[in-house]
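Presented sequentially are two complexes of chain A, the first with chain B as partner and the second with chain C.
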Partner chain A sequence: MANISVFLCKCFGEIDNTINFDFLREELSKDPSVVLISIVDSLCLETDIEKTVSQIRESNSDKVLIAACSTLSRGNLVIESLIKEGVERHKIGLVDIREGCAWIHGDNPEDASKKAKDLINMGIAALQHKDMSDDMSVTVHPNALIIGAGPAGLAAAMSLARTGFKVNLLERSKVPGGMLKLISRCYPDNDDASNKLGPYLREVENNPLITFYPQSKITSVEGDTGNFTVHFSFQEKDSFIQAGVIIVATGAKIFFPTGLYGYGEIKNVINQMEFERQSLNGSLETKKPVFIQCVGARNRERPYCSTICCPISLKNASRIAEDIPGASVFILHRGIMTPGNTLEKYYRDTLSSGVQFIRFEEEQPPRIIGSDYVEAVEVYDAITGITRKIETDLVVLSTPLVPNNDNVQLAEMLDIEVDRYGFFSEIYPMHPLETKTDGIFICGSARWPVSSDHSILQGKAAAMKAVSYLRQSKIAASTLSRVPGLKSGHARVVPESCTGCGNCVAACPFDACHIEKLEGRYISIVNMMKCKACGSCVSVCPNGTMQIPEHNYRMVGEMIKMAF
Partner chain B sequence: MTGFEHIQKTGRDAVLVVGGGVAGITASLDLADAGQSVHLVESSSYLGGQVSKLDKLYPTDHCAFCPLWTDVKKCMEHPLITVHTLSHVKELNKENGNYSAVILRGPHYIDEKKCIFCGRCEKECPAAAIHPDWEHLYPPSFVIDETLCTKCGNCTKICPSGAIDMDLKEEEISLPVSDVIWATGFKEANINHLKEYGSGTHPDIMTSMEFEEWTSEAGTNRGTIIKRSDGAIPANIAFIQCAGARDLRMIPSCSAVCCMHAFKQAEWVKRRDKRIDCSIFYTDLRTVGRDYYRYSLRDFEDANIKLVRGRPGLIHPLPSGNGIAVQFENTITQKREIRKFDIVILNGNIQPSLIQLRPAQPGSMAVPRTDKEGFVIEESGETSDFACGFGLEPADVADSVIQASAAAMRIMNKASDQR
Partner chain C sequence: MNQPRILIFACKWCGFIGADAAGKKRISLPSRFRVIPMECASLVETDAILRALAGGIDGIAVLGCHIGGCRYNNANHTAIKRLELLQDLLDTTGIGSSRLLLSFGTAHEDYQFEEIIKNFFDELTLLPPLDPWL
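Let's look at the complex of A and B:
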């Protein structure tokens, strides 16, 4: 049994007004492990901290229990000032006898004192049996691996390389540029896509810190935060890279609406990508185009808005309305999705360029008239309640972006998540580029359909997030937490008693547990770099082999004994 | 030499981040984590901005509190971040490619380092000028409302920890800065002059941020939905979208967040009290993010929230004072109707806070170049003005945070170019 010194904080009368400190002193002195009971005015005062520290040094105590306010109030600050004075963190316990006791039981001082006694005894039990987690650290490879050389990946690569980090840029196709290579102009600035792409392509070519791997495909990923080993085929040869962080910027693909509105059967029914190609190579000839929005999107099958199709139609429609004299341009839509300031202005500008908008409802989609050549589109205008027939020479279908086929496979390799549609997903919207594996980031349309400008923005943002990992020479598992110092350890297995049942593997939301064969039998291994100490594994372990040392069974059991 | 090594070696001047909402916090943390020192200036008494007033976040319906609290705590404790609350940037001088800033730091009458949150001052104050600061503040503290305070000194006498000093004065802090990130966020605009919305004519006609405060779990009514006029449970609620926004008389832009905000509020009204009928009056339902459209589908299919396309032509309190008449045309069915609602929530009247600051106090506050609508125009050069969050472009939490990190990255790149 460790010797414990207990410090009772009066908190300027906030606590001892209700709780009888003499009673506490009397009760606590019955415990043989308590070697010192000291009552202080307030541990917020520097003088009291000094007094406390010298008392701790003089007494022969091993551990310290503070009975004061909660960690969310000033308790943590008290602990921190003790640490500053040289007391080790794991030797300090804190019990809240203010908010959770004195304040809420102010009307019943006698019971409040008894409760305070129980709480302190629980704190003592906790200190006696608390264990410490192991820690591990990895040496960080100060270079990044970026998967995908579209606008997002290129922006991330350029940002990181210009900050001074080595970048490995993997791309499935032969050349960098992604979808931007296929389109003519970008919204909302109507800049040529090649202008937008230019600086990035030059950077890839000229910056010695960027290594570009065209025609490559990832085959497997090993290792942890700061130290990933990625195996991939590069121009059909196997290769590997060690990288500190991974940025996923694989983009998305276009949905081909085969069978919808005669697409694939009728010559003058095309999708937006074909429209872009025709305007790039100059073969586009239309005076009366009709754009139909939400083709294959916002329906049962794909219940999402693909974000970019409305502005793309605005861009292409206004271009024809402005460039071709006498053109009549229609956009048939289910609500124009132009949130924000810039896009709303873009929408207003398109309205004034002469493009006409007709709103239809999902239940009454437009109808194509003509069997091998569309001559007109019939649509029920939901706003006026009139069915209109629009003559046309080209029907352009706005289709959503859909996730790449191998997203799920890649997500499994990287231990990150995909959403219900197949796009890579973050674990929390307030940290939108971070995944459940620290050091792996997602950006661009691989995450969710976004414009080229936004992809570039996200690429830069993901690079920024990567910098905080890359600049460290070593990363300790215990620091992989949103708030440093608040991570409560890692799960620990006792190899002797582990039966290798695998419950923990199924329960772990962070893929931190796996089963390995060791000395002829299967046991669970915890990867501390991934463990977030949530305790899911502890609750499903059938024989108590899996424990979080800071909250182990013995400790919790002893605490419960003290409470009742 | 990498960019951050350059920053550390040269002791590059601090970056000034103006605004302590999610965007400002994220930009500060990203820069500080990369070794760049930051001064974060916030006008209110706490960090967290508008998100701290939100009950739940769409589309996951998680509380906003935890992730915000952890980031605020990290910000407060980061050795490279100096936080100035109750402060604003008074002057920003650009000379020979160098910025120097003068920060006006308002008096912190209650020292949050000393306040033990006992509440004796609040009880003792005769003018009711003392109230707890944002309740998730770390560490918790009280704050004195200067407009109500009579400087009687009762609080100073009663405070056991000597945390209150009413003699403190405003403090001017001058420092050289390398770049500025404007993360000034949004404010609600007053739309009382748009008569058809009836704003300000009846206590049950609220703006959506007022409604959030009124009904949130940490707010006035601890998560119960009642009318502000008589405390009764409302039979129905109307959410009016684009009130003041997408309106050339007032705010031409789309505020980007209000559609989902209304869905979220309607959903939580239904979760808390199924009997309350909710109708959303919309123009376009802009649900562009991950799961946003699904969220809206779930709302009007599972939770039975009604959708009406059209902006009401008139919202007016009934003569009895009990209930509000809403006159509208459903533009999908082309039907004109007048319906009685118990609560009307006006949604959309948010605009960049800079537009409200500018005319009020000329000369007393440094502001960046903005366009007509108050959005920051970024300027890049030797000393740069970057922006992120709603002050740059209407954005929800996720977008603001992305913009913030991207702004931080651009500063890192600039620092590298300077080496």
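Let's look at the complex of A and C:
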């Protein structure tokens, strides 16, 4: 049994006005493991911390228990100041007797005092059995691997290279640029796509820190945060790169609405991508285009809004309305989506350029009239209740972006998640662009359909998140916590008692443990770089082999015994 | 009148924040409950709950985050599934599943924590005290 010194903080009356400290002192002195009981005015005072530290040094105690306010108030600061003075982290315990006792039982001082006694006894019991996790660290490869050279990947590459880090930029096609290469103008500023792309392409060409790998495809990924090894085929030869971080910027693909509104069968029914191609090469000829929104989107199969197709239609419709004299342009929609501070104005500008909007319902979609050439579109106007027939020479279908086919495969290699549609996803909304594996980031339309501007923004943001890893020469597993401060520990296996049952492997939400054969037996091995100390493995281990040292079952068991 | 004793396993990202907030607001609560903060509801071992009940604690509450709001990649899903199985077991053994309160995503605010604790107390008051086995 460790000797424990207990410090009771009065918090200037906030605690001892309710809780009887004489009673606490009397009760605590019955515990033979308590070698020092000290009552302090306020551990927020530097002088009281100093006094506490010197008392700890003078006493023959091994561990320190603080009874004060909650960790969410100033408790953690008290712990940190003791650590700064040389007390080891795992030898400090904190019991909250202010928020968790004095302040909620102010009307019943007697019960509050008894409860405080129990809470402190629980704290002592826990501290007796508290242990410390192992830690490890990896040496960081100070360079990044970016998958995909569309706007998101290019922006990330430029940001990282200009911050001084080496970038390997992998691209499946022959040239960089992604979808921006295929379109003529970008919304909402109507700038030429080539203008937007230009600076990035020049950067790839001229910045010696960026190495571009066209026609490459990832085949396998090994390693952990700071130290990934990525194997890929580059122009049909096998190659590999070691990188500290990986940024996934693989984009998305256009949905081709075969069979809808005669697409694929009727010549003058096209999608937005073909519209872009025709306006890029000058072959576009239309005076009476009809744009139909949400083709293959916001339906049962794809219940999401792709967010980019409404602004694209606004862009292309207003362009015809403005450039071609006498043009008649219609957008048939199910509610125009233009969120944000720029797109609403874009919509209003399109309205004033003469484009007409008709709203239809999902159950009553527009009807194409004509079998090998569409002459008109019939639509039931959901607002006026009138069916209208619109003459046309070109029907443009607005289709959503859909995930790339190999997203699931790539996600498995990288050990990150995809959402229910197949876009790459964060595991927790409070950590945007971050994935299940620390050091792997997602950005642009690989994550969710976004405009080129937003792709660029996300690419830059991902790059800056990546820098926080790359600038370290070594990364300790305990620092990969994603919240201020350290992780609460790492799961630990006792090899002697592990039966290799694999329950922990099945339960771990971070794929942080696996079964290995060691000295003829199968046992579970925890990868500390991945472990987040959630404890899922602990609660399914049939024999208590898997434990988190800072919060082990002995501690919990003893706390329960002392609870009342 | 029966004075129940309650043990609460509170996820530090949710129930614990609610408990703390109730403290900051100085909401008056019955005193016979103890909170053990957990990294995640998924760290709550079923045998800890059984031991607590066997030791004479009348009610156990596990407070975790709402579905989809887990910090640990939906670790709370598995926790819920496992603890619901335990509730079934408690029913079969005659201890009764009403002694194990599972609440996910409902105790993050001070008043929510207050409501959960008070209701649980009221419920347990109606049950006979659980004689300690150990």
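Definition applied: the second predicted complex is superposed on the first by the 560 of 564 C-alpha atoms of A that agree within 3 Å, B and C clash if a C-alpha of one lies under 4 Å from a C-alpha of the other, contacts with A are read in each partner's own complex, and residues count from 1 in each chain.
FYI, contacts are C-beta pairs under 8 Å (C-beta built on N, C-alpha and C of every residue); 3 or more make two chains touch, one makes a residue touch a chain.
Quantities reported herein were computed from a predicted structural model and do not represent experimental measurements.
For the composite obtained by overlaying on chain A, chain B and chain C can both be accommodated side by side without a clash. In the superposed model, A:198 makes contact with neither chain B nor chain C.
In the superposed pair of complexes, A:72 makes contact with chain B and with chain C alike. Set against each other, chain B and chain C touch different numbers of residues in chain A, with B touching more.
Look at A:560: by the touch rule set out above, it reaches chain C but stays clear of chain B.
Judged by the touch definition given at the top, the superposed model places A:259 against neither chain B nor chain C. Within the superposed three-chain model, A:335 lies in touch with chain B and out of touch with chain C [touch as defined at top].
Within the superposed three-chain model, A:458 lies in touch with chain B and out of touch with chain C [touch as defined at top]. In the superposition on chain A, A:159 contacts chain B only, with no contact to chain C.
Angle at chain A between chain B and chain C, computed from CA centres in the superposed arrangement: 80 degrees, to the nearest 10.
When the two complexes are overlaid on their common chain A, residue A:436 makes contact with chain C while staying clear of chain B. Of all C-alpha pairs linking chain B and chain C after the chain A fit, the shortest spans 5 Å.
Overlaid on A, the two complexes show chain B and chain C touching the same residues of chain A, namely 72-73, 428. Every residue of chain A that touches chain B in the complex is listed here, in rising order: 11-14, 42, 44-45, 69, 72-74, 77, 159, 162-165, 298, 303-305, 307, 335-345, 348, 361, 382-385, 419-420, 423, 425, 428-433, 447-448, 454, 457-458, 460-465, 467-468, 471, 482-484, 486. Residues 1-6, 22, 30, 33-35, 57, 59-60, 62, 64, 67-68, 70-71, 73-74, 114, 116-118, 138-140, 160-161, 246, 252-254, 256, 259, 284-294, 297, 331-332, 334, 373, 375, 393-395, 397-398, 401-406, 408-410, 412-413, 416-417 of chain B are the ones that touch chain A when the two sit in their complex. Of all the residues in chain A, the ones that touch chain C in their complex are 70-73, 96, 98-101, 103-108, 111-112, 114-115, 118-119, 122, 417, 427-428, 436, 488, 507, 509-510, 532-536, 538-540, 548, 551, 553, 556-557, 559-561, 563-564. Remark: chain C residues 5, 7, 16-17, 19-20, 22-24, 26-29, 31-32, 34-40, 42-48, 51-52, 55-57, 70-75, 78-79, 82 touch chain A in the complex.
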